[in-house]
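Naming follows writing order (A, B, C and D), and every chain is counted from residue 1.
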Amino acid sequence: MIPVAILGASGYTGVELMRLIANHPDLNLVAVSSRQYQGQAVASVFGALEGRVELDFSAAEPETLARQAELVFLAVPHQTAMAAAPAILEAGAKVVDLSADFRLCNQQVYEQWYAPHTCPQYLAEAVYGLPEFNRARIKTARLVANPGCYVTSVLIALVPLLKAGLISPEGIIADSKSGVSGAGRSAKLGLLHCEVHDNFKAYSVAGHRHTPEMEQELSRAAGQEVRLTFTPHLLPIDRGILSTIYARPQNDAGVDEIRAAWLQAFADEQFVRLLPPGVLPATKEVRGTNRVQLAVVQDPRSGLLKIFSALDNLTKGASGQALQNANLMLGLPEETGLADLAVTP
Amino acid sequence: MIPVAILGASGYTGVELMRLIANHPDLNLVAVSSRQYQGQAVASVFGALEGRVELDFSAAEPETLARQAELVFLAVPHQTAMAAAPAILEAGAKVVDLSADFRLCNQQVYEQWYAPHTCPQYLAEAVYGLPEFNRARIKTARLVANPGCYVTSVLIALVPLLKAGLISPEGIIADSKSGVSGAGRSAKLGLLHCEVHDNFKAYSVAGHRHTPEMEQELSRAAGQEVRLTFTPHLLPIDRGILSTIYARPQNDAGVDEIRAAWLQAFADEQFVRLLPPGVLPATKEVRGTNRVQLAVVQDPRSGLLKIFSALDNLTKGASGQALQNANLMLGLPEETGLADLAVTP
Amino acid sequence: MIPVAILGASGYTGVELMRLIANHPDLNLVAVSSRQYQGQAVASVFGALEGRVELDFSAAEPETLARQAELVFLAVPHQTAMAAAPAILEAGAKVVDLSADFRLCNQQVYEQWYAPHTCPQYLAEAVYGLPEFNRARIKTARLVANPGCYVTSVLIALVPLLKAGLISPEGIIADSKSGVSGAGRSAKLGLLHCEVHDNFKAYSVAGHRHTPEMEQELSRAAGQEVRLTFTPHLLPIDRGILSTIYARPQNDAGVDEIRAAWLQAFADEQFVRLLPPGVLPATKEVRGTNRVQLAVVQDPRSGLLKIFSALDNLTKGASGQALQNANLMLGLPEETGLADLAVTP
Amino acid sequence: MIPVAILGASGYTGVELMRLIANHPDLNLVAVSSRQYQGQAVASVFGALEGRVELDFSAAEPETLARQAELVFLAVPHQTAMAAAPAILEAGAKVVDLSADFRLCNQQVYEQWYAPHTCPQYLAEAVYGLPEFNRARIKTARLVANPGCYVTSVLIALVPLLKAGLISPEGIIADSKSGVSGAGRSAKLGLLHCEVHDNFKAYSVAGHRHTPEMEQELSRAAGQEVRLTFTPHLLPIDRGILSTIYARPQNDAGVDEIRAAWLQAFADEQFVRLLPPGVLPATKEVRGTNRVQLAVVQDPRSGLLKIFSALDNLTKGASGQALQNANLMLGLPEETGLADLAVTP
């Protein structure tokens, strides 16, 4: 059993990590920190974990966690993550950072969208943690930057198509819809049941922070700069992202070529599910799982491709993918502990 | 009090008409038909109307309704509506048809998307019932074709912009999301709570029947053929449509010009609500009302316009608009009985 | 038009009052206060009211409101209400207090369940605002204590039965379930969508503050002390209370006698809806309305009566009832502005 | 790997069984039947199982299933189950029946609540499948009658208390609330999203079929006839039951004695979770799991015990318990394949 720890375990990604690790046969969760609940039993705050996670929340001291664990998950907000990472790495533990702090290679871009970067010396070393495209580097990484939730839904769909030149890198639109857990577990009016329930609306429409992250990786895949039009919306559900992506085919590509490119890229990928023709992704079918569902149709009137990508923002979009990365970094089979199917209905 | 009747009052648009007419000071609902519930009291089936709609459901005989009422709402499926309309018109009553049967001017287009048209002689006479753009003709019409729900959300936003030449008629994309009542009140597996709740997905992605209706009216506004890319999605709510529309500005238009065009077009329109800059439409804020909320932003990276349009698919998207049309046809003030604000939260 | 004002208009009961008053033909809303939003336009915070409530939130100064209005609604928390009421009354305006501060006649009982009472001199004057049982006194009152939401659902059902001696005052159980808006509009973790959605649980099971209020009024009706077993639960909906009440019949009462007593008590009551035999109350059918739905069955095995009472906690359970009281206090027809039917589905 | 099969796999209990068996290390699902989908791939109908259940639905022939499997789950409606069971048992396979057909020992009681019993010869042999109370007999059974969902929630809470004489067998009330999946996967108006969503109401209030089953087992535990007052309600969620049970303590029992009795009864039970004092069961915390959460408080005014019991109606209330029974019947560790924790939020 390999000891692991979570810094910031009382947010929704932290709780999801605890759930997943509790079911993992080879990992032993030795410490979880929370400023808010320090000293309280995990089970007294999160009843779903009662009887299976028998830890108390500890203080959020990175060094302490690093001494106990071989790998530490950072499930804290950006800025807090970059403040904690160096001490953990220097103490010899590996890090999977679920925040945005090490996702953007370019410090300037980070600072334009987020805040001053206090730990730029690790930017070059950090590995972008999308295993389907970056597996080899993740296996040997000390510090993995776990991708954003919206970002994962878009990259899984588009990277193989841009690499193969099947879609134009110009004019791509991602119209994405997410459940509310993506906004985190914080007591804000806008996240109340009375505000979200039975409602639907867009937000951050003039520039969401996931945009530069998508553009960085899409540009890498395309071999040229990609500028994306991205619109996030808030769904009245807890979990799930569906991205509806509009792209112009090129090089005579149609649905068959798109599907062939996906089949080739994901032939050995357990978590990427290309649905049969005529079947469309549904967030409920991936809820609580590490899966991405993909489908494509071509609009008969405009010729545009409509690409659909669904995942659970807390699992494949955050904590599930973090565990997938950790498995790779620790030499375990990548799928371990990630076999859950969605509980339907 | 003007006597009106509803053919097919036990579907969701019929029930919404009953609710609205019960609150209308100048209309007297004299008959409601339903094959399914013939002979039963309305209140015994729809408890929300108890004490205010004291009718029994009658047989669905158009002539009988026409003899009792000055105006008959057809809240039946397409094909059923065209079978009933002639008898009602010939008996001297006016008709607001909520189905698709008289929306498309071109019989061939109708038959390509729906089914053979058995009543084409009325296509030329039927007036397209979008009062904000067609008020004068509606006032003198005998037969009004009430627009589709998705269609209304798109037309209200785009018609003034196309007329003013502010957006390109090429490449428009409407990514729309609707509550489930749009699918009607029928016992189908796909409409069960267990299927819709906590779920989100697209449907009819290769060609939804509202597409030709949108194209007909957008082309009329643009003065040239418009081909639209339209993608409907199913929200886990009962009511509400949000259309996120992507369009390319032209003639140096930006957000200010778009807003100015809307302000001009809707200066005297009570039901179209242009939101202040920075505020975005929300389906919950128009639930149960005859309102459309509009907003626009320009994507700073791509320059594309993102246009947001929200309405209630059963009210402004169906029965509220039908009542708005009926008010016009009957010489009543257009807003009568349509003042409800959304019940929030 | 009679000028009225709201102290504390940015909570859910305040917003509901604004909606109802916006539709009221004889009331003119002249001022609304909010500490949180002072200086901001109501419409910029509550988009559903845009175009119909054209006020800015003002400072929460009771005297100022009292100078402008003939009647002031106190939609503030308990303790805040008792601090504001005297100044308003002394300035000559009437008061409907939606908090608990003047509901309990007995100062000691109030202080045992709430906090020290700083305004006991008004306890004797305050009239308990349940118009169905207390209409005459409300008409001449200066200060009305608007009943609690759970309380209203239980009293409407039980008061006539206790008065008529049809149920035993011993052993009554009220198992009540409420939507989350009853907890108010405050940024607390337990009220987040992610906590409430798709969940159901009991709370405050060892003593909810509505218990003494129910017991006060039930004891008055029974002519002897009534002790109630009350269990509130949290529903994953925004609005609505269903109380399932268990009571033992006495004096040979059965379903027929219960119904007869209700029919007699509520013969002229527009807002109390006794459902036909076999039909059960549903929160969705009273959502946004001032109605209470009632039904009763007798358990064939135990002989216990099962009494069902449904209402909307923000309307008949709070702001609708407050407006009903205000209508009476201002000499207006009691039903004015309260005719809304539920928006279904 | 032990071969098992499901008769009637396209209902919600069937789908839940497929999910659970797909995650079971020792069971091999060899056949699943469905009249509705015969010949179709499971994954084409139930996308959540795609890639993990690679069977086609077969015809519903009991003998065929029995030849392939060592144990057959009957996930069909009552009456259909009793028609299929004999052939399967005679072919040598074991049976776990999720219907009500073999739950009631007394044929007359069955026929009074359900329909004529065509297979009474197996009533004596059938073992009531509540492992926490009946483990030894289940291990050697050929035919296990899997308990009802409401019934399980009530029995787990009350059986130890009645056996220990801590509560009176008189006057017990179970006020239960269930998610809609308990009504099955059938296309009925009352199960539509538009009917259930945002709604709450009671149903079957004068006599639900789970009543005699509860009374049978409670009477057995009490050693005297128990008559229960039971009221089911419909929650706007897919899964989950919370039973709020009112009982009078006897023999000087209070909360401590109740908790002690539960602790003793469930000391070795992994699936029964007695919550710490002050914590209350929540359906969301057991969603998709085989757990039951229990808590008790004593009402300080009436002295009544309020007992809370939460489970997932499709897991511990149906398919999870069926798998727990199957594990016992097949000589496997009882918890195998049932370790899932709830996916929260």
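Quick notes on this one:
What we mean here is this: contacts are C-beta pairs under 8 Å (C-beta built on N, C-alpha and C of every residue); 3 or more make two chains touch, one makes a residue touch a chain.
Everything numeric here is computed off the predicted structure, so don't read it as measured data.
The interface with the greater number of C-beta contacts, when B-D is set against A-D, is A-D. With chains reduced to the mean position of their C-alpha atoms, the one farthest from chain B is D.
Here the CA centre of chain B is 45 Å from the CA centre of chain D.
Chain A and chain B have CA centres that are 39 Å apart.
Chain A and chain D have Cα centroids separated by 36 Å. For chain A, residues that reach two or more other chains under the stated contact definition are 12, 181, 185, 194-195, 197-198, 236-238, 282, 284, 287, 345. Within the complex formed with chain C, the chain A residues making contact are 12, 180-181, 185, 187-189, 191-198, 236-238.
On the side of chain A, the complex with chain B involves touching residues 171, 173, 175, 177, 194-195, 197-203, 205-207, 211, 227-229, 231, 233, 235-238, 240, 242, 244, 246, 280-284, 287, 297-302, 304, 306, 308, 310, 345. The touching residues of chain D, when paired with chain A in their complex, are 12, 15, 19, 22-23, 44, 46-52, 181, 185, 198, 238-239, 270, 273, 275-276, 279, 282, 284-289, 293, 339-345.
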